[in-house]
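Both complexes below contain chain A, partnered by chain B and then by chain C.
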Partner chain A sequence: MTTGRVEAPTRREADLYATSSRTILLALAPILVALTLAGALLLALGVDPLTYYGYVLQRGLLSPLGFEGTITRMAPLLLLAASLIVAFQAGIWNLGGDGQFLLGALTAAAAGPPLAAHLPVSAALLLCLIVGAGVGAVWALLPALLRAYQGVNEIITTLMMSFLGVSFANVLVKLVFRDTTTTVPQTRTLPVADRLPRLFDTTVTSGVLIGLVAIVVVQLVITRTAFGLRLRVVGANARAAVHAGLPVPRLVVAAFVISAGLAGLAGAVEILGVEGNVRADWNPAFSLTVVPLVFLARFNGFAAIFFVFLFSVLSIGGESAAHRMGVPSFFNLVIVALVLVLLALAEYLGGRRLSGPVA
Partner chain B sequence: MTAAQPRRDPLVSMRGITKRFPGVTANENVDLVLRPGEVHVLLGENGAGKSTLVGMLAGLQQPDAGTISIGGRSERIDSPGRALAFGIGTVFQHSMLVPSLSVLDNLALGGSWWRKPDRAGLVARLREMCRDIGIEVDPDVVVGSLSLGERQQVEILRALLRGSQVLILDEATAMLTPKGAEDLGVLMRRLVARGLGVVLITHKLNEAVTYGDRISVLRLGRNVGEIGPTALASLDRKSATDEIVRLMFGVDSRSTTEEASDRRDAHAINTSNPPPVSEEQPESPSPLWRGVRGEGRDALTDAFLCPPTQVFQPSPLTPLHKGEGNSFHASEICAACSAALSVEHLSVDDPLMPLADISLRVAPGEILGIAGIDGNGQKQFAEALAGQRPVRAGTIRLDGHQVGQLDVAARHALGLRYVTDDRLGEGTVAAFPLAINLVLKEIGARPFWVGGWQRSATIDTHARKLVADFDIRTPDIQTPIGKLSGGNIQRALLARELEGPARVVIFAKPTSGLDAQNAQATRRRIRDAAASGVAALLISTDLEELLAVCDRIAVMRQGRIVGVVLNDGMARQCVGEMMSGA
Partner chain C sequence: MSLFTEPFLTALVLGAVTAGLPLLLAGLGEQMSERAGVLNVGIEGMMLAGAYGGFLVAYRSGSIPLGLFGGATCGGLVAALMALFCVRLALSQIVVGIALTLAAEGLTALLHHVQFSQTYPRLPAAATLPIPLLSAMPVVGPALFDRPLIVYLALACVPALSRLYRETHFGLALQAAGDAPAALDAAGVDVLRTRMAAVLATGVLAGTGGAFMAEIGAGLFVPFMTNGAGFIGIVLAMLARGRPLWVLWGALLFGMCLSLATALQVVGVDIPSDVIQMIPFAAVMAVLVAFGRRASLPAALGVPYRRGER
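And now, the complex of A and B:
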């Protein structure tokens, strides 16, 4: 013990370095291998992978317009990542993010134009964001209460509520909030002047700032506060939470409400910042797309920012590259899927379990 | 050990079996010989090594040393499939059938995957087997609709249909109703009549005596005795039980130096540092507490051998201390005022083992043991005291204040602490750092959190202090606690529960799964805590431990306290008898 204590700090630092570099390697290696494999697939499709990836980089990252598009795309994804991190850290599989997102979006789209006509823009926007988040949270109450007090598996209930939410949003667009001045079934369009302000002289929406703030706040709350630790204890070992006297059902409901609220907020931000209205049958299914990114980030908010950025580049650049080179636009999902499969493989070979939420 | 003449050659013999797990020796040089036509009872407390021993027969584990011979030849059983091929079938405590499939489909499972199961043939064999052993099973009924006893019959049938010559029943009666257990007893007799060897694992003495032809007793991983068929037949029920109690709890088979020194320590503490109440009578550590009302009625009506002075009188107004002159009245000493913990008529609902009308008091500085065979309501009792489970009726007072309506955190803050025996399951969050686990019951409280924000430096300082004070061996305070050894996890739990203003500490099986050194260190902690004025409630299934550490010992059986005795010369006998309900 005594002799060990002298050299302990250096060894610990070395260990720490080894562990973190190992973690980074375990996260990055699958991405590189996935890009290689996807390249082989492109070759098989008769497309030059280097040209394809070149386009992706050019259109998603290097061209000013593409880069702005990438950053704009990050706004809803960051909020959804924050939403999922809260849920997963508390051991809850909130897979209903798409329904919560869409209902939040619809609420903002429906409330935006009338509010903007009567209130100052900033007040109208703030109200829309709050109401959008609130509706998203309400949509998760049923699964939350069932899980917290009856132990009903939330994977099923949140997915079901998501389907219901998506359909319900569609019905509302077509029957209640339809803009009668156009033939397209969609809600009234929020004038560009009344939307979330753009950053500087670019097309980038300030929604991305909301997203960044949200994910950083979530990360700090989860890692630095008593509330965050309580959620993590519930997520890591619910029986230990009971033993330590934590109000587990209430914490589960709280995690659900925050998670779904953030998903609803993501929808509102996307409408108020980018879309301006909700078209019938519009469902970008961002939430389910973000699930693998959050796993790649191991539920760390800062890492999630990086992966969301990477995915946005791939997504914006990929749309353009796919269009130009005759590859289906879903190809970037193939790349994400490859990354996930390889990630699981790396975890297996690395001998470490993916510490996901326990269903 | 009785030298019984084997009627036939052994089916299976295990010789000198040793099995070690990190930090624990589960079996040490154990012999077990199974003969045809015998129900061989393997008796021992939880953790005595019974399941490990038969796990090696079932092919689930490999011995570190020793040999297993089958039909006279030394064999290696390296998989459950091999075990079945050798004719060793195992029925585990928890059903291993698929509840949504029919009996027939369950029996057909495990056949060659490329072949269609021969259902008609199987039904015919099933019918024949049922007739032979005298049970009725409908092959088409879905397993989920059967009672636990019927499921067990199906599992036995499955083992027989696969040609098992040795049938291992692991805690087979634990989940059964009394009627189901009786049926199983009859079935076992029929099986051995057919020349099978049956191994019945149990920790219930009466079952051992009722069903067994031969009884082997395991204790802390070692054989401590065997009663052969001739000896068992010659003893009546009472003397057979006495003999088993002697084997299970007797000193002669296990007076290791560690235990002996433990006991010396205990006496040294008691005489050099007597609790304040015991000054008049150094022999009995807390004489006043003899008068505390225990749930003695059952104990009195049960005819056991203890002298009446050993048992607390059912009414607090009865003169308390017969035969020694100074008869107090409970009302005079106002036990409730000075007891650190007082429990009155506590009842708790539970599907498995409800608690009924439990009354106990523990004085500051006193160690009250709760003896009893595992699963008699000890866990429910500890959880109800700690606030982890709702109470149906009764009161819990801490230093005279009612705490029954408070939650876990509030009780912890007031000094009511619970050292759980389920260290990894509920005591800790394995993946979290040691430092966080040490404040797990104080999340959000000052000084570790201020305004809800974590003060990591304070938490780390606190952790470093506890690591030093409780000698927790860890590479770092940030090491995930799950990576520490069992002994160090226990030290961390003790540190968490004994730190600060602890008034009453419940220790649930605090030494289970620990090696001798850690067990001894843990017992020393308990005594030190009591010496500093903490009221300790020590729940243990190890009678030796209770005798070494406690001032008084209460016995729990079937969710009740059946008696409380002072820890003096007669305690061993009394407690052993009350535990087994003989």
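And now, the complex of A and C:
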């Protein structure tokens, strides 16, 4: 082993840490400003902002149960972030994450109870995760092929397939997979014993490990492998990629399938780890909120983990603070929106610019 | 066939126009932003702000037209933020657009909760302006020619915008701002001002669409009531490839499918509304599979313009 070989990655890692810590610093100041602005709104509602934020911190970060809730919430969000990073790095606007997520969730919910009754739990769970990811990927196949071989704009097709998927999932819940033993339109509930195992003695689902592994693997594949480099070349300049002899259509389809598969996996993880069933008209619409987080992370997987964590604290802590203080939970949307705008503004003031895939 | 009775067709066409009009206004607005190179993801928030603001003004003043102005103003205010952040400061259009949508969702739901959550007040039906002779026609008459003034105005926007794009200096400047902003700059036209004008016009159109939805379509405001209409507007604008008339056809197709469920209930056929809601999206996908062509989007779409930067 030569010294040069050892040094090169070390320097790169040092850069990475510098970028990460800078990102985190750039993130903290705007959050404080956002909380101050939102605090003014709380005052107008007749609620003491400091008490409210105290609860947010307490219930989202400091109390054991709240912290566990935050980590559990991160599982689907990390997978969705990984899904979007793959697509955006390859220059693909996969905005159909909600449909892919919901169909992956529904598949896992439909397959879970019968599989768990006949197979060992671990085999049943594994199968559910695989088919959930598979169905998510299949749902993106049409947009992928249309984009790769016909050049049809994927913003249109993925949004259409997303609306279609959300309605389709509802039809399936109400007409096909409906649990006939309850009056509520929902699928059969997976017994708690058959769900994804919890970590240690906590309420944290092991789905969060799947999420962490996915986002780290995606980050490493994108930055350190030939395949990742090819995807980035296609994303940066598809015409140049053709001239470089890359099989662009095949790479586009591959990126699409991986991205949508991860979104489907996110849905399956949320069902097998947390929800246990799919209720009619259930649609947490996580994907739309993860899009700006991924942009703020500049498509960097490690930075995305931080932003996903921050968002989870705000949403878990916020839900519980709103409930406790009698504030409508809509208020938390305002906080998240303010945080997003001010983070983007801080990027601007910090002299860096967010870039995006070329449509 | 007994299904195609006059009451059924009347309900269908009337509902198609009522449901399609907000989509038409949103689509026309988004088309203008996109033409100028701004991918306006905040349009959902502009519609929602228009829906709430329009409802509030109409409820307090008792005047629907005044409410529509209020809605247009609220949509314009959200658009002014978008113009400031995404055009003037060149922040990411995706991050700010989604943030504005979330903020509008949260704020309107919050304000509605504080003011109206106990009462859910309704507005009286809007006064119509029947057009003599035409309004007496069966089916089309009540749907198209016996409507409030805003319906005629919105429909008139279609040829007006077509002319604006093809025949005016400003129309050409919009297109240049989206296709070759540096060339427009070199020609001595302010790119940022052109884009900001386009974004503001989008907000006014989308806000009016949202206000129409609340005041005339539903007669009341419900939190999150736009329910993806802004995103359908984005899709319509992209499908229309810059032609306002195509936005009209698309909006009517979507409106028709949205009103089909209600119309079927009029004649006693009960199909789950989820199945019917799938029709317009499936139709668009089928059209794209059959006639899929390369996208023709402005070259600089989604890219903030900064002078002297390549």
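Following the convention adopted for this analysis, the second predicted complex is superposed on the first by the 319 of 359 C-alpha atoms of A that agree within 3 Å, B and C clash if a C-alpha of one lies under 4 Å from a C-alpha of the other, contacts with A are read in each partner's own complex, and residues count from 1 in each chain.
To be clear about the criterion, a residue touches a chain if its C-beta (ideal position, glycine included) is under 8 Å from a C-beta of that chain, and two chains touch if they have at least 3 such contacts.
Remember, predicted model here, so these are calculated numbers, not experimental data.
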First, second, both or neither for A:Phe295, with chain B first and chain C second: second
Touched partner set for A:Met160, first chain B, second chain C, both or neither: second
Chain B versus chain C, judged by how many residues of chain A each one touches: C
First (chain B), second (chain C), both or neither touched by A:Leu61: neither
Contacts of A:Ala226 with chain B and chain C, given as first, second, both or neither: first
Partner chain(s) touched by A:Ala244 [first = chain B, second = chain C, both, neither]: first
Touching partner for A:Ala236 - first (chain B), second (chain C), both, neither: first
Residues of chain A touching chain B in the complex: 8, 12, 224-227, 229-230, 232-233, 236-237, 239-240, 242-247, 355
Interfacial residue positions of chain B with respect to chain A in the complex: 386-388, 407-412, 418, 420, 422, 425-432, 436, 440-441, 443-444, 449, 452-454, 475-476
Of chain C, residues touching chain A in the complex: 39, 85, 89-96, 98-103, 105-107, 109-110, 113-114, 223, 228, 231-232, 234-235, 238-239, 272, 274-275, 277-278, 281-282, 284-285, 288-289, 292-295, 297, 301-304
Residue ranges of chain A in contact with chain C within the complex: 41, 45, 142, 146, 150-153, 155-157, 159-161, 163-164, 167-168, 170-171, 174-175, 288-289, 291-292, 295-296, 328, 330-334, 336-338, 340-341, 343-345, 347-348, 353-354, 356, 358-359
